[in-house]
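Look at the two complexes coming up: subunit A is in both, with subunit B in one and subunit C in the other.
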Partner chain A sequence: MDITGEYRIPLPREAVFAALNDPDVLGRCIPGCEALEQVDEDEYSADVVAKIGPVKARFQATITVSNLNPPESYTLSGEGRGGAAGFASGSADVSLETVDEDTVLRYTASIRPGGKIAQVGSRLMGGTARKLGAEFFSRFVEVVTPAPLSDERGPAGQEE
Partner chain B sequence: MAENGIGASVPRTEDHRFLTGTGSYTDDSNLPHQTYAAFVRSTHAHATVALDTSAAAAAPGVVAVLTGTDLAGDQVGSLICGWVVTGKDGEPHKAPPHPALAADTVRHVGDAMAIVVAESARAARDAAELVKVDYTPLPAVVSMRDALAEGAPQIHAEAPGNLCYDWEIGDRAATDEAFGRARHVARLDLVNNRLIPNAMEPRAAIGDYNPATGDYTLRLTSQNPHIHRLVLAAFVQIAPEHKLHVIAPDVGGGFGSKIFIYQEETAVLWAAGKIGRPVKWTADRSESFVADAHGRDHETHVELALDEGGRFLGLRVETRANMGAYLSTFASCVPSYLYGTLLQGQYTTEAIYCEVKAVFTNTTPVDALRGAGRPEATYLIERIVDQAAHDMGIDPAELRRRNFIPADAFPYPTKVALEYDSGNYGLALDRALELADYNGFAARRAESEAKGRLRGIGLSAYIEACGIAPSQVVGSLGAGVGLWESGGIRFNPTGNVLVYTGSHSHGQGHETTFAQLVSDYLGVPFENIEVVHGDTEKTPFGMGTYGSRSLAVGGSALVKAMDKIIAKGRKIAAFSLEASEEDIEFSGGDFKVAGTDRSMNIAEVAFSAYVPHNYPLDELEPGLEETGFYDPANFTFPAGTHVCEVEVDPETGTTEIVHWVAVDDFGNVINPMIVEGQVHGGVAHGVGQALLEGCAYDADGQLVTGSFMDYTMPRADDLPDLTVETTCTPCPHNPLGVKGCGEAGAIAAPAAVMNAITHALGTGAIDMPATPQAVWRALNQ
Partner chain C sequence: MYAFNYHRPDTLEAAAAALAAAEDGRVMAGGQTLIPTLKQRLASPSDVVDLATVPGLGGVRREGDAIVVGAMVRHAEVAASAEVRAAIPALASLADGIGDPQVRNCGTIGGSIVNADPAADYPAAVVGLGATVRTDRRTIVGDDFFTGLFETALDEGEIVVSVSFPVPRRAAYVKFPNPASRYAVVGVMVADTASGIRVAVTGAGDSVFRVGAMETALAGNFSADAIRNVAVSQDALNEDIHASAEYRAHLVGVMARRAVAAAAG
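Up next, the complex of A and B:
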């Protein structure tokens, strides 16, 4: 299954690229991430709780970064094992483009689900991936953006 | 006709308990000290595996975690295929080992690897998730084309090229010659879609072991408890037959899927013996999708040769049939002897040749599903006949009529090894066309067109071989069992009757139909008759229910038993009435001395038989109980014509079935209401296949239609009111003259729907399921 997405991040491209390769930032931004560790220069391992349709499971993921071309693009590939819930493997090509003052991130991902996730969740994969992506980048912007002097959004924030 | 006798639409006695929730299904049973099982199943289509069960074994409430290695260590035998098909090369089919728990290699998603037994179902499931499986994925083959390709990954070392068998039937040379004479050749490539059976009650099993006696008991969802016992005893070798008691209580639908001996019930029974406590397993719906044997899944190229008058000269068929990852219990005979032998259809086609490659893939095993081979045969015949009619500009009804085997040609030897016993195909067609107002179709089409809709009408003149089966015939074709049936009649001293049948009811209404038969035949009040089935310790050995066989074979066995009862009753009456046996007449439940008013009711005879105070014991044996075994002389051949009329919305591709006519020849009918219900269910099943149901795997062998979100079952609002009638040419070789009705609808319906749709669309380039998307694409591409 192929999924594409695009996010506009109000930060300069170099900052975005650096943060995307910072395990601490990733650990705080990946939805459901319980642990994330850099095990090698280009390899991470993570424990992530994810819910795809009716299937909720803890996935042990390994992620490899390749094709590094800072600050323009890189490739993520890896797989997550969710035990009885099944597994997913895949890869994503990520590119960053400067548009005005912002950075536009685009990705093309291919995901291959297996087991129960494929059995009952296939048609929900695209929607789930987009939802998780949106959550990730909304936190990402919060985490990476320097704290403002006052919160201009007001106490209610801008929740969807 | 007696009020509750043969021919009466008696309401089904079993329905009260089914409709009030008081039925007793396998899952309703709970045994003292019972444990619960959950299975660890493969999430990969093809992989080698290593299991670490330590965390699961240490989890709360866990009694045991048993793996394929443990199973092999106990020398539990492989699951078997009970019908050996011999290929073109003279070699038997390839039947690789199929362990109840895979030890080191898994071959389809859902393949069971371990059974976790715990104090509760929840604890078992939780612990099953703790079994750590280290998969080393192997390349998977999913499509039959890929499986047969040069250099394809091999699923079993025993089956080179993933080929189970390459089989043929018919006369190739004669068929080639017929095609040489043809004026026209119609051609089609057809896919018979893969189906998931989805019985309402999921499969379930409770294994029990009594250490005091060494006896095993298995309660399960089975269509044939004696076959389960036989296979588990003689082949899997968990316990000998006399130490294994199999009970199939109320069963909520089978459609073939509960014939087979599966991994789960085998493992449950074995586990019960290992831990010395009952072990219960009930499938959840997700398990059913990956672990119940699927149905159909053929790819076929078919050619029909016709002369200038539209007469069928030759039929040539080339089929690939998917077996899935292992050879299931009867998988081999479905795309061969239950398929190729039906390619004569209702027609006088002069030459027929069919070859079938049965193929292993990394998918759930495929086996018999309602109709089993015969729907596949009917589908391709009736589609190619319509294609030929379209090509040659001949009305499809007229083309069929020109080629029907005439009513005076029976018995009719076919070109594909069968002998049709009776039939009148023109009669059913004519009546169906009349009920469908075939002649008024053009006007209805014009009305639809005025609304922007497309309208089509489709025929399906099907035939099936039922009443399975003459043992001598199937034995000569490779069946490992005989296919006779048993029936027993036991009079109690008070005159009521227990009827024992080796067939099994899981929705068919045996308890009513068989009681009607016995009531009519022996003159016992309907309410004094109890039908007993589904228990190997109560009923005589029997072969179970499938292939529309229960009445034709099982009912005939009851007739044999009843004939013995009457013969015995005549002796008793002669003694009691002080008459000679030859002078005793039996009718309406009374034994009467001919020409006198002296008589004895059969209830009085029964009482006398159990209170033989003055019997001359050297001449007359007490008791009134008899058993009959019936082996049919031939198959039965239900046939008929179904007509489907559809309206298609070209904007959305949505198909609505607006009218359905079924005219079926089932021979004599015992209960017309039950027969109509069976036709309704069968048609719904076939409409589901034609419009809605399509099992799909992705390229990695993951089942992506694994829930009701993605696999659509037919519902009441997918069907119109059905017009159902029967014609009758009695079966000449069984004592009841019956043919069987349980599968007819599912056999007839898919071709009727698809012929209606292709008629509406004006193109034959569409496969099942004809979803709105498929129809829209056919219209727009």
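Up next, the complex of A and C:
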């Protein structure tokens, strides 16, 4: 099942695209990401703790960026193994459009679980995909949006 | 199941302390979701804090214009309670339709609402009857309690103590159950309360939600006909092997009309 979303960010497209490829930004936006390391130009390895209701599983994930078409679009994919919990993969096609001075970010994402989580959680996958997608992109918008001058938000004020 | 430290505190304070001290602690109420999850190794908390022996979390009692249900009260107790059946029969029948006999005799109202499963029945009662949730720290208005898929307004380590349901003038809960699990594919609580008409839907979305258009229509005319033409959008509704989003949207209308007819009857 595909889920979609749209956000408007008060930054030029180039800046948004650069942020989408910044490991530090990705690490802060991926829900449950505890560590993210660049292993190749387009590939990262990540420790992700997925917590959905009663389920809490640690995934060793590989994050890949592909279909790079700067500064217009790219695909962000992830694939992880969660031990006894099973495995999951997901991807998001992201496109950026300049509207006035801002950038409109649109995404289409899907999630494909396997193993035990797919067995017991099939009824929850749509909601889970919606939730993870919204969490990632709303956090992304928060991280990249320049803070108003009066706002003291910075790395130190960022909650974990 | 992986090994964990098991705590059986005998006060609410000790339960909160055990949770706070744990590296990754979980509260256990009736264990009807937690234990199967642990058995499947889909979670491995360091500590499980069992509330079974904590006093003050049981009992169903009438307090003024409300029925107060302790967090550790089993679904079967609510279903059989003379107080509940007399004051809010819709709540008794909702509890009587949850899961199977094992779930009803072990599962608790506190455990159900804290877990906030999108297909659980109790969230429809908490929101639909305009209940208030009391915790070890504060009270939370029912409308604010459920915040998303498996998410609530509770803070880390906060423990639910009781749920207070104002007695409605009339109410009914009707669900379309999954035939195997009895989870609500769609469940609707309709209530005519002192604070107005409330229509709360569970099972259809990420979390329980109210249908304002139906509430407005029913305020003028409390009959199934009044909401016959109220369309429910299928956007963001759940879709799985049991029902498509379109079918769930349709079921919201059907269950709501049956609930109105039952409440008005």
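Basically, the second predicted complex is superposed on the first by the 142 of 160 C-alpha atoms of A that agree within 3 Å, B and C clash if a C-alpha of one lies under 4 Å from a C-alpha of the other, contacts with A are read in each partner's own complex, and residues count from 1 in each chain.
Going forward, a residue touches a chain if its C-beta (ideal position, glycine included) is under 8 Å from a C-beta of that chain, and two chains touch if they have at least 3 such contacts.
What you are looking at is a predicted structure, and each value in this text was computed from that prediction instead of being measured.
K.L.:
Specify the partner with more touching residues on subunit A, choosing between subunit B and subunit C.
P.N.:
Between subunit B and subunit C, the winner on subunit A residue contacts is C.
K.L.:
Quick check on the superposed pair: does A:56 touch subunit B, subunit C, both, or neither? Answer first, second, both or neither.
P.N.:
second
K.L.:
Identify the partner contact of A:70: answer first if only subunit B is touched, second if only subunit C is, both if each is, neither if none is.
P.N.:
After superposing on A, A:70 lies clear of both subunit B and subunit C.
K.L.:
Is A:123 touching the first partner subunit B, the second partner subunit C, both, or neither of them?
P.N.:
Both: A:123 reaches subunit B and subunit C.
K.L.:
When the two structures are overlaid on chain A, which partner does A:115 contact: first (subunit B), second (subunit C), both, or neither?
P.N.:
Only subunit B is touched by A:115; subunit C is not.
K.L.:
Can A:84 be said to touch subunit B (first), subunit C (second), both, or neither?
P.N.:
A:84 contacts both subunit B and subunit C.
K.L.:
Which of the two partners, first being subunit B and second being subunit C, lies in contact with A:23: first, second, both, or neither?
P.N.:
Touch status of A:23: no partner.
K.L.:
Determine, under the contact definition given at the top, whether A:131 touches first (subunit B), second (subunit C), both, or neither.
P.N.:
So A:131 only meets subunit C here.
K.L.:
Could you give the residue numbers on subunit A that contact subunit B in one complex and subunit C in the other?
P.N.:
53, 83-85, 116, 120, 122-123
K.L.:
Could you please specify the touching residues of subunit C with respect to subunit A in the complex?
P.N.:
Within the complex, subunit C contacts subunit A at residues 24, 33-34, 37, 40-45, 115-119, 148-150, 206, 236, 238-242.
K.L.:
Using the touch definition up top, name the residues of subunit A that touch subunit C in the complex.
P.N.:
1, 52-57, 83-85, 116-117, 120, 122-128, 130-131
K.L.:
Give the list of subunit B residues in touch with subunit A in this complex.
P.N.:
The contact residues of subunit B facing subunit A are 40-41, 43-44, 109, 128-130, 132-133, 286, 289-290, 698, 700, 702-704, 706-707, 709-710.
K.L.:
Can you list the subunit A residues touching subunit B in their complex?
P.N.:
Answer in residue numbers: 53, 83-87, 112-116, 118-120, 122-123.
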